[in-house]
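For reference, the structure discussed in these notes is given below.
As written, the chains take the letters A, B, C and D, and residue 1 is the first residue of each chain.
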Amino acid sequence: MNDPIYGFITIPNTFIFNLIEHPYFQRLRRINQMGVSYLVYPGAQHTRFHHAIGAMHLMQQAIYVLKLKGVKITKKEQNGLLAAILLHDIGHGPFSHALEGLLLPSVSHEQISLVYMELLNKEFKGKLDTCIQIFKGEHPKKFLYELISSQLDMDRLDYLKRDSFYTGVAEGNVNSERLIKMLNVVNGELVVEQKGIYSIEQFLLSRRMMYWQVYLHKTNIVAENILVKIMQRASYLIKIGANIPCSRALKEILQLKNSTYNTLGNPSEFLSQKRMEQFSDLDDFDIISAIKEWKNHSDFILRELSRRFIYRDLFKIKMSKTPITNELKKQKARKIQKKLGVSKQDLHYFLIEDQISNQVYNKKTQKIKLLNKNDTWSYFSHQSDPFQGQFLSKKVIKYFLCYPKI
Amino acid sequence: MNDPIYGFITIPNTFIFNLIEHPYFQRLRRINQMGVSYLVYPGAQHTRFHHAIGAMHLMQQAIYVLKLKGVKITKKEQNGLLAAILLHDIGHGPFSHALEGLLLPSVSHEQISLVYMELLNKEFKGKLDTCIQIFKGEHPKKFLYELISSQLDMDRLDYLKRDSFYTGVAEGNVNSERLIKMLNVVNGELVVEQKGIYSIEQFLLSRRMMYWQVYLHKTNIVAENILVKIMQRASYLIKIGANIPCSRALKEILQLKNSTYNTLGNPSEFLSQKRMEQFSDLDDFDIISAIKEWKNHSDFILRELSRRFIYRDLFKIKMSKTPITNELKKQKARKIQKKLGVSKQDLHYFLIEDQISNQVYNKKTQKIKLLNKNDTWSYFSHQSDPFQGQFLSKKVIKYFLCYPKI
Amino acid sequence: MNDPIYGFITIPNTFIFNLIEHPYFQRLRRINQMGVSYLVYPGAQHTRFHHAIGAMHLMQQAIYVLKLKGVKITKKEQNGLLAAILLHDIGHGPFSHALEGLLLPSVSHEQISLVYMELLNKEFKGKLDTCIQIFKGEHPKKFLYELISSQLDMDRLDYLKRDSFYTGVAEGNVNSERLIKMLNVVNGELVVEQKGIYSIEQFLLSRRMMYWQVYLHKTNIVAENILVKIMQRASYLIKIGANIPCSRALKEILQLKNSTYNTLGNPSEFLSQKRMEQFSDLDDFDIISAIKEWKNHSDFILRELSRRFIYRDLFKIKMSKTPITNELKKQKARKIQKKLGVSKQDLHYFLIEDQISNQVYNKKTQKIKLLNKNDTWSYFSHQSDPFQGQFLSKKVIKYFLCYPKI
Amino acid sequence: MNDPIYGFITIPNTFIFNLIEHPYFQRLRRINQMGVSYLVYPGAQHTRFHHAIGAMHLMQQAIYVLKLKGVKITKKEQNGLLAAILLHDIGHGPFSHALEGLLLPSVSHEQISLVYMELLNKEFKGKLDTCIQIFKGEHPKKFLYELISSQLDMDRLDYLKRDSFYTGVAEGNVNSERLIKMLNVVNGELVVEQKGIYSIEQFLLSRRMMYWQVYLHKTNIVAENILVKIMQRASYLIKIGANIPCSRALKEILQLKNSTYNTLGNPSEFLSQKRMEQFSDLDDFDIISAIKEWKNHSDFILRELSRRFIYRDLFKIKMSKTPITNELKKQKARKIQKKLGVSKQDLHYFLIEDQISNQVYNKKTQKIKLLNKNDTWSYFSHQSDPFQGQFLSKKVIKYFLCYPKI
């Protein structure tokens, strides 16, 4: 398979090939990796399908490098790793993070991924046992899990590189292949060779940069928030019995949202095979097609929000390091109510207040470890000059207010 | 604006900015530049929006280079060139070439582009006069048209580079910026400096390669043909009054197709503003969303074709330099009729025969000219060693037959 | 002119072309930009000639960008800037920094550059007046000097990018063209636009990384120190009247070194035109050719050091964050004296102790300024999260001891 | 080892490491891969050392790919291949092709490489037996030789890519890694998979382009010819007993040239170990350092040619598809004799007539083979459209005359 970033990607065996061919996985071809970012960075059109394949490619490299260094990884564990990284995001719905928690409240995409893995495991007659064990963090070899989920897992190493590549934000470029060449395992835990310290520093800085410059870009935040408001409005209109033209798959999920499912307890019971089949029919195309129809809907709020989204006539945004003042909110509220004739209870569709935050490196969980000469390791954060002290653990918060320019 | 290929792209002025912001142009964000190629090359997700912006960027460079060399281009002509290259493909419908001639038979996308330009010209109060004059080839300065449409126009220089970049087919990479630096104008016609001869040879070879390896890739041909058959079936079912769930925009165009519009003569009369508004609502999302619904339709043919398209369970293809033998066709026909229970008249949905062809360089039209030392020019094809003789003008034809693997 | 990094480089006018053609400048073709680094990074073979041309290319870009933003730069100032950046390193001798201070003690390469500029100014009849004024920091427009010499001058922006490119140390890659696009001038001083903050952070981290990973690489330090010792020995042998085969240019400079010139006061008096002509004949080829001859010399010390340098049979090095212990030094000294039969006073040729240091960002001099919205500026170091605090101003020192493996 | 082109290059084992460390091989660090091309393309400073390491890297990849496809290659053969590609050019003297045949007339660099291999084989106690067998084309597995020497050998795949990279001539870029991925072996012979046909076409076109644009660039030809004339003059002056300052190694080879050695028959007898040791001391530094001295020599011809070479004040060149006319030659001769006061017999130093030629693909020897589906192969030249017919086998000849601009 051809990849603009890595050149050729090899599918290692029939098992992996069959996973890729499966409709659950093919669906990822229709889910944009970066949600609505293409409205800011027109190149950001790559899919979750492509990212998952890319992460699997990096996993093959990591396995090759670690085995060269004498780390024992059985054939079974290899397939487990490859399947786990391939399927780690299979539970993502349309527009990924933007609509997560809205379409299926109180269920995370990781939980849904796990349900899909279990369905596939039945279909593939237990061949995903090790994959699931690794994904759940229950495998005795801890580094297998760390390759799937940690500060330097193959997921991050692909998506940061890929997102930087497709957006054209060159400073975010991560030298993933170099970082992988410096991986090793000591006492069952993933470590990075000492000389990799500069590469890790660059990696963390690139990651922080991608957050502020791309993922949390002003226009991106506005578009995501309008998208959420559109779906909330549609969901509400369905609830009150209005006619909301959209695909069957989308209608079902919006109706479900209004039901009481999320009080039912254990999501894996709730997420039945039938419901998973339905969910696997849902992707970005349902959302965009619906919004295109809705931009002519008789409901003003749905129509106006949809029109603005499709024609990229987005809201303005005011960002600040301190909470938005009441004064500003009141001023904007008055203007919107007056100009748009929106009731107080519907004001939230046009005056959106929230906050975003980012933290470079979470010292608490899965700290990066550097290999010392004597086969012990120490924490990266203790050895890096620039990443010592407050900077690393500091959580930066920004407050914002979105509203139409009227 | 950020571009993975060129770095930064500058929007030169408010006029161009407003064209880009216009809903007609924003629609191109939802039309894939390469149709169904992403089924072969997962990276091929770039849009016509991005391509048009890229071609405009190259046009800015060409204008800069030519002016440095003393070629006179007025401010008005500059804006004309930029608008013309920006809008040259605005008439493309969903899935571009694959469905062209099917959704709107007997109307080319260039004709539709022209109608859009004229609508925009009204809206922009005559500011597109020069643009339209250039686009129609009616401007007295011939090279202005050649920058828009010729063997080395900015359209080709962007799409070949871009398609090569996103598919990852490195051999197709074209050094567009270098070719542009070698452009000049002699007696009002576009020429390339003598030393550019190798770059042109490489360009033509890359182009030929992209045709055989990418645009005419087996899987691409199969997917395009299935797509066409799906739309033909849907159109037929609408005609006979069946219920075909799809977006309003798509339904209208499919109904129109069944009407007698195409016997009405002059397309620019037929293509009324209202119809153009409708058409501007139609994009890849309508098509894919419809097919997703149709994969559960009660009509076997529509359902089966749709299912195969969405789940990428495509047909096989037999390609050959000679026409497909009757023997093979009969054998496959018997098998399909037997296994699928398809009637003879519906056989064409599952047994598709056609041919493709490609010609590296059309000597008849718009030959590339090389600048001699004494300010005259001579034809590239007379000076290039490898591109002399039969090879250039030879049209290569390949015949194919598609059918399900059953 | 072709450049692997920037594509084409244009020579802007005849004046600059004539400077480049001048023998003083052509000499830079024979001086490696990175000294002995090619012994570690075989790709590091680029010359000072290439770097100076590259820096001039970036200067052209900077001038273009600043003028677009309305900054006034006269034709004369432009030529001054281009000449100044082109000639800023013309005073470098063979192996640049490694032998600076040894071949011509107490004269810096900047002083020699200035003398060359003055000689050229005579030859070019005053055309370098503005160039010299800028180079000396005496031009009333402060930003002109800052483009030549500051934290973000065109010299650094080229050499960091170029050294990273040729060594293949991808993490050191600096997005110079992007940084230049963000330059501006406020109140006559060079500033960077606010959104450039991430790029500056990356730049500083890359720079720090290049220091530790490349410029201060262990093998590099060893090779440089052996080179210095070879020249010291040759100089000593000349002093005592031994026959030291080498080029005329090298012999003269080594004899000069032994003279009392450096007590003569004003270097610009001392650096007569005749002496400058001689010096302009001296380059890496003299040094390497001499060492090749010396590897067969009858003096053991000169022979042994030369042989080790040419055959890359280098010393070992022990590096440490604390000063080298006397114990280790004594132990190594005993071994060397015993095995090599070296006298105590000659021990320093084989047992080299010294220290290296690096500081990311000198807060005292030429701090980077960020442009605020209201056309004021503030210091970068006050706004950057990771570059606040101790990290920036902290000078990291490492101690080392080199000795042959015997 | 770091490489700007391939990233990391791994040294596969101690045997190969020791070959690289050997002084014979380290000498290649001081021989420029592209001779005097740096006078045209300032980036072309890479060495034969770097190229040999790069070719070895590609050989590792080829071995890996072929073994994956089931081709049997023993450990011994692997080391043979790696050593053979590493040492294939070890016999090159300073300025490679330019001075080949002049410094050691009637001995090719391949013959010298073989002598070095045999010397190394003694030192490494027979470990190079297989290497030598492959290099001589005497190994029963024919494809081993083809990997070392054929139209698509690892030598070419590296040097074309490397030369294109360092000169910045992007059109010459060859996708070596892709071509290698398409290699296979059928009946003991190296073949390329069918789909590789486009890549081969691009490769041949790139190669042809590099010849005309780089290797046979006008300025390159002039500089090479002046270099040859300088060495001829120096050799003549030595013969007549003049004092010619230069390194011992260069003096010996120039004296040898004047002796009768080349009538002695078998070169491998003539090329004694002692002579090879001497030769291994000779590199670009001897030549350039000598010419720098000679630019002040009392002999006018030696001085003038040397000065022009060092200060890049080169001759003009007149190129033509037809032989240079006598008229032009006489005119230039008169002028040179008059202005420079050169005698008729010395005229050839300043009026150089010769021809260059290039052939894209030699159909006679080592034709490229394409793998068919049924495990047979057919010749590439029979299947490629553009590379059929006259173009391929046609030898293009150009005639030239060089002379000083006076």
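Here is the rule we go by: a contact is a pair of C-beta atoms (placed from the backbone, for glycine too) under 8 Å apart; a residue touches a chain by one contact, two chains touch by 3 or more.
What you see is a predicted model; the values in this text were computed from it and never measured.
Path length between chain B and chain D in the touching-chain graph (shortest route): 1.
When each chain is reduced to the average of its Cα atoms, D sits farthest from chain A. Computed from the mean C-alpha positions, the centre of chain A lies at a distance of 53 Å from the centre of chain D. Mean C-alpha positions place chain A and chain B at a centre distance of 33 Å. Centroids built from CA atoms put chain C at 46 Å from chain A.
Shared interface positions of chain D, i.e. residues touching 2 or more other chains, are given as 7, 170, 178. Residues 7-8, 177-178, 181 of chain B are the ones that touch chain C when the two sit in their complex. Interface of chain A with chain C (complex): residues 170-171, 175, 178, 195, 198-199, 201-202, 205-206, 208-209, 212-213, 360, 385-391, 394, 396. Residue ranges of chain C in contact with chain D, taken from their complex: 1-5, 7, 21, 23, 26, 29-30, 38, 41-43, 45-47, 49-50, 53, 165-170, 247-249, 281, 285-286, 288-289, 292-293, 296, 310-312.
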